[in-house]
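For reference, the structure I am asking about is given below.
Labels for the chains are A, B, C and D, by order of writing; each one numbers its residues from 1.
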Amino acid sequence: MADFLEKLKSWRLPWREIATSGTTSELPELEEHLPDHQIDQVHEQMMACLQSKGGEVSARQRAAALGEGYLGLNEEGRKRFLKILADDFGTDRDVVAQSIYNFQSAEDEDAKCSYEIELRRNLEPARMTLLRQFNALPQGVKFLVDLRAELMAMAREDASLKVVERDLKDILISWFDVGFLELRRITWDSPASVLEKIIEYEAVHSIQSWSDLKNRLARDRRLFAFFHPRMPDEPLIFVEVALVNGMADNVQALLDEDAPLLDPHDADTAIFYSISNAQAGLAGISFGNFLIKKVVGNLSQDLPNLKTFATLSPVPGFRKWLDKVLAEGDSSLLQNQEREALKAASGQKGAKGGLKHLLEQPDWHEEEAAHDALKSPLMRLAARYLTEAKRKGTRPLDPVAHFHLSNGARMERLNWLGDVSEKGMKQAGGLMINYLYKLKDIEKNHEAYSAVGKIITSSQIKTLKKG
Amino acid sequence: MADFLEKLKSWRLPWREIATSGTTSELPELEEHLPDHQIDQVHEQMMACLQSKGGEVSARQRAAALGEGYLGLNEEGRKRFLKILADDFGTDRDVVAQSIYNFQSAEDEDAKCSYEIELRRNLEPARMTLLRQFNALPQGVKFLVDLRAELMAMAREDASLKVVERDLKDILISWFDVGFLELRRITWDSPASVLEKIIEYEAVHSIQSWSDLKNRLARDRRLFAFFHPRMPDEPLIFVEVALVNGMADNVQALLDEDAPLLDPHDADTAIFYSISNAQAGLAGISFGNFLIKKVVGNLSQDLPNLKTFATLSPVPGFRKWLDKVLAEGDSSLLQNQEREALKAASGQKGAKGGLKHLLEQPDWHEEEAAHDALKSPLMRLAARYLTEAKRKGTRPLDPVAHFHLSNGARMERLNWLGDVSEKGMKQAGGLMINYLYKLKDIEKNHEAYSAVGKIITSSQIKTLKKG
Amino acid sequence: MADFLEKLKSWRLPWREIATSGTTSELPELEEHLPDHQIDQVHEQMMACLQSKGGEVSARQRAAALGEGYLGLNEEGRKRFLKILADDFGTDRDVVAQSIYNFQSAEDEDAKCSYEIELRRNLEPARMTLLRQFNALPQGVKFLVDLRAELMAMAREDASLKVVERDLKDILISWFDVGFLELRRITWDSPASVLEKIIEYEAVHSIQSWSDLKNRLARDRRLFAFFHPRMPDEPLIFVEVALVNGMADNVQALLDEDAPLLDPHDADTAIFYSISNAQAGLAGISFGNFLIKKVVGNLSQDLPNLKTFATLSPVPGFRKWLDKVLAEGDSSLLQNQEREALKAASGQKGAKGGLKHLLEQPDWHEEEAAHDALKSPLMRLAARYLTEAKRKGTRPLDPVAHFHLSNGARMERLNWLGDVSEKGMKQAGGLMINYLYKLKDIEKNHEAYSAVGKIITSSQIKTLKKG
Amino acid sequence: MADFLEKLKSWRLPWREIATSGTTSELPELEEHLPDHQIDQVHEQMMACLQSKGGEVSARQRAAALGEGYLGLNEEGRKRFLKILADDFGTDRDVVAQSIYNFQSAEDEDAKCSYEIELRRNLEPARMTLLRQFNALPQGVKFLVDLRAELMAMAREDASLKVVERDLKDILISWFDVGFLELRRITWDSPASVLEKIIEYEAVHSIQSWSDLKNRLARDRRLFAFFHPRMPDEPLIFVEVALVNGMADNVQALLDEDAPLLDPHDADTAIFYSISNAQAGLAGISFGNFLIKKVVGNLSQDLPNLKTFATLSPVPGFRKWLDKVLAEGDSSLLQNQEREALKAASGQKGAKGGLKHLLEQPDWHEEEAAHDALKSPLMRLAARYLTEAKRKGTRPLDPVAHFHLSNGARMERLNWLGDVSEKGMKQAGGLMINYLYKLKDIEKNHEAYSAVGKIITSSQIKTLKKG
């Protein structure tokens, strides 16, 4: 946000030039903590915006000045600022009450419909108008997206700010309708300022350097992002794709900068190996499914040689779940011969202890005995975790699984030692999974999953689960 | 719309490629009149969209198919289609009733706020979701803008469609937030496809030919338009500006293709001589004031030599009002010596008859006697019309006057024989007026006008009015 | 050129800002006729450019000032200006003589090579340096292209200017290397300023109006042009293509604005119906063959459904040739039954007289008898004209035929009443011809044609010729 | 070049699609060393290109194939390839002899002029045509620029290749006319692929990392480069500018990533602190003076607050010269008190030894005694080096001095410890110099320098020199 502020300062407000008149009661520079005596002033400015004093153009200009003032505040000051919005700029309850009465007592359907719309409009609090006016800031949309990110954090401590956050979310839902987004391919010819953000926002397999990034943009790689027309330099969400032969099973191999390049026209498979949301302020406004399907459509058209579309995904909650069930002492977790092997490999008495002990050894995957003893139980238990562990009784505990299943993918293949990075070992004992997007089954899969929670799995997963 | 349909057909639906699965119950080609047996089918498809059957992506795809189906219908079919939206896809009244109950009986403010938001959301009818999904059509935003234009026309005959129109308007208000619009200068280097639309949409002084247009884009002319990022080829509103010396008083002189060019760096005045709304479907969503002020800001920066910003505007309702007051027989309308002159010039007995008679002569402005007899009374009465004739008691009857006054302009100068085109003579007896945008007074003027209806006028107008 | 001058004036010279120093002996405004006393001044400025007085940057700046001065001269003044270049800025004959001596008396091959290059460089006259410096003008390349057009015209009257024209041609040949040109598709979305030039430059079937042009840019039409990177708004040469089914035989049908559109993906044939050179100053620097073949490559890739690439071309010299051979009285021109038919249809005694007489009737093609009598002899004689009439003994008299044959096309089909416009009737009795570009035969055809002048023809042409 | 080859392979040759005919005698893949039996084949292909066998389009296509073949060769193979061009594709000496005869024996001036042009054309060797045809390669211009770089290296060992290099240079001189170049500002929003090249090509103060680069593109920095329209991703030459207050005297301070940013509108001075040629193959074709002056013009217009334009430049040859004159034992080099100080600081007996000894101490600039003893003699001797040390008797030995002086700059200020990097200490004992570009004196300075070698210096330099 500091950077953003910096940037903002270097631009000219488009409305500024017009405001040569001395009549606009310009906001004097706000103090960082927004002391009490300035609160009234801010309140008054907000009222002036809402009453469109001096006309709508001036109102927008005032709102922009307010927004700039906000950016100059520290955390305490910002909370006080937002509290004004929360407390003083809600709906007019008397008006709402009257509207409800009108609606309820309307005599014919036509009148009822009219009063219904009136009620809906009256239920829109004044602060929504004000928030929309902040759009007049340069990069106003980005300002509001970042504001929501701040609001979500603050509302965790002060629930009274929650209403502002929800109102802002409703505005953003409308503005970020997926129909407005444009899909752009990011390449090594893209602006460095955009690539820098890709490096910053990548959340799955972090990008180590510019040369790591360049490798992810090589001839046999693709990176696609959604952008909003009014945030042209800010990716909203992006997906990284590797064009390969056969379904990739190891992410280190995919990211190896020394691996030879493949001619994309010779690839038969597109592997989606990373999907990252880039804007905290758009949490809960989902584009991931659209992104994947647009990219599938796009790639299919450009490279008809691609026959398989699948992910190489992490299993982020597996180890945590495993620790929990191990602690609960479920005796059915391990099979006899596995117990023996684990004991032998770990030198520990209890098999579960052995399992846990082995997993805690750094680099166990490089030791043959540990590796051999762990493979069978981990693979089986991961299959069980993915298909049986649920949250609130219905949806899979694993968030990545839920995302792809609800998009209509099927669980295709668990990969032993698919990610041996520190993070991969810690989250999932090195396991990765492929979700398969089979075009002709996507809708059917989605329906089965969303209607009755049915998880479509391949025979590998089924077999693993049985043990 | 026919053209648009044509265009639409030549594009590929972006979601189509994905829908290779046979499971989507594709809409068979609709018959033009949308017979009864197809209504159920359309209804069912709409339901499928709302339930996101097969996932959100499929829902959008279905909505796009529905939209395409709509475009194939004739007027009767379209009405039947929209009637489904009006009748069957409103709010759920039981849910709304429950929400109202929850809201009213909430015990603390936090709960009240939450129920309030819930109620607002429940008051959003299902059809709004569906309408937003039409955005998945190629040029989906243009589709919805044109749909609203159709709805406005149809609702005049069938009021039950009004609700759909109002819901759609609420969507468009949010999407067409002025912060999303971009100001573009249109030049002779702009795409012919855009220029063609300027020719089509110009509503004040119609463009006669491509060479007329080229002249309006010459070195000493400017044309600016607002565009929406998802309707990049469709101007929303545009303004034509002439860079001149002194405040222009005659539009035929401005539009003369043979007039010599002025170096824009030598001009001292920018004359806004035409403002046209281009999208019937955005009626009631106003950008005109923003456009004028952005253009003023833009020109000020580029050409610091410009000192005066003013319009050369029509007085569209003058003759109509004049005919009415003449018919009402108000004896104070004319002064004695005017009566004499009118009688003499017209050869008619009654002065009013003479006035009317003279005005009905074609080309009276080219006859000295008529011209001389008419000038004084017409100028005075026009000043009276502009400042005193009101609609609903408060705002000026003249819509152009209201527009500029509410933007903070002042009435500057009435121009005798400012527009001698057939239209200009018929609407306003050839009179035109300059509204002056004085930057430092805009806010003050706006406040005075919007608060108490005060019309700021120059001394010329004041003197004329007195007679 | 007047327009161009106008344009030029509205721009700022990029070098101007730098020249704040008073030391540059600025050229005072030249008088239109460039009187004697100014000639010395111009000469001196030219010398200053060549000596790079004040540095190379200043030299370019001076050259630009000279170029601007030139644009202000009238025809007489321009001739005097160019005469200075012709007379005073050639090679240095003494230096050349010495160079020749060095070259001839060089003792070893290495020295010979060095002297050879030295000689080549010394043979480059001073004026070439000066001409290249004019490139510093805004639109300097266009300036030089237009200058060559002027020089060609002037050199027809004053041969001493020929050397300047040839030197300039050598510069342009190097700068307009085909590798620098870019192929652009022109559409209805192209800038009006470019489309305006298409209308102006079209040389085969003139464009009647903007709506005629729009029709030539419709969905089933293509227009491609070559551009130079430093003349981005000026097409160099362009070709118009119709996407149709079957080989088109009538140009009026092709240009009919009311004809239904074809989906380009359903077309099997691309018809090149017009190729126009746009820059007189590039005469003798040929891009036509590159244009056709790039467009063929481009279309093949985009629309694999296209199977046939052919032209629909005029036969510009046919009537002129026919008049000549008729006048020469060759008795073998007509067959007996043709004679009878012509006599009958024309009411003239002599058959040849009849032929000529009929052809001179306006609208003979709409009269059955004339039409029937003329078809057989005209078709046969046209086939003879195209294949047998030669210029300088070898290449076909018909320039269009020569162009396409040397590109490797074959004569495919003569079309009766293919162009019934006034021009078409006058030039070729309404006949048109298709040249076929069969990819696999292009090289072979070219070789046969360029090596031994062999004209490849279809069986239709062969049969027609035999009669 | 390896990268370039890689890139090339991933593209399609534009002419390829056309060449579906089997008749083109396609070049089979060349072996790396180009063995004898393939030399004939290559020779034959070259002949086919020149004879335009199959037409000009085919000839270009063939040349492109040859170029691709060349790229596949190793160093030995390439030499053999170029040797063919050198030996077999020169001028036709008989034709040249005849042309000379015609020219010499021409009877009138007109004929002489014609024969002169004919002779010039005949002196253009066949290989120039062939080299130009390589332009048909994708990135053909870059291919030729790189080819010249290779040729220059090879010609150092094999002088017979020199002719090819000189012919190629003549082509490039024509194609890289400064009027064709476009000045582009490089920012952090430029493509990463271009920025990567800036990092690679920077030759004065090497760029350490992407964050170093980002700092050089910050708000108070500028980077401008010249580009050729057919090498749009390849900077030809670029200059880095710092916007500062006062004339900068230390490059480490300029490049400090932690230094605070200045608002460019507050700067009074533009410091050109690095100019790098980026294309070895364009050696001897100079754009530096144009670049500096265009950038000065550009900055003056954008930021009228800039009053001073100067460089902060290295003194690359100072230490080398100093070592030489020290070795020569010139006793006038040092003054008495300097001798004492040097002896004291170095602990060496001879002062010169002391000077040399101290300079060889790593980090002497951080030791007070050494620093103090060295400052006075080094500054004086540097002033002497810059103004008196000459190459070939006339132009300054220091190449950077020569460059800026010939552009019209003056020597403004020597800066003690201006560059304490390893390179700066080694080349120039840490000294840097400002050259001042005073707009109104540039031409005058240039003339004085280029006519009589006069070096314009400030009083600081004069005073230093005197000691």
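Please note the rule applied: a residue touches a chain if its C-beta (ideal position, glycine included) is under 8 Å from a C-beta of that chain, and two chains touch if they have at least 3 such contacts.
None of these values were measured; they are calculated from a predicted model.
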| item | value |
| --- | --- |
| Separation of chain D from chain B in steps, with touching chains one step apart | 2 |
| Minimal step count in the chain contact network, chain A to chain C | 2 |
| Angle (degrees, nearest 5) of the CA superposition of chain A onto chain B | 180 |
| Rounded Å distance between chain C and chain D, as computed from the means of their C-alpha atoms | 40 |
| CA centroid of chain B to CA centroid of chain C, Å | 49 |
| Contacts with two or more other chains, residues of chain A listed in rising order | none |
| Sites on chain B touched by chain A in the complex | 14-15, 17-18, 20-24, 53-58, 60, 90-91, 96, 100, 104, 110, 113, 116-117, 119-121, 123-124, 132, 135-136, 140-141, 159-160, 162-163, 166-167, 170-171, 174-175, 177-180, 229-230, 289-290, 293-294, 296-297, 300-301, 406-408, 439-444, 446-447, 450 |
| Complex contacts: residues of chain C adjacent to chain B | 10, 188-193, 195-196, 210, 214, 219, 233, 263 |
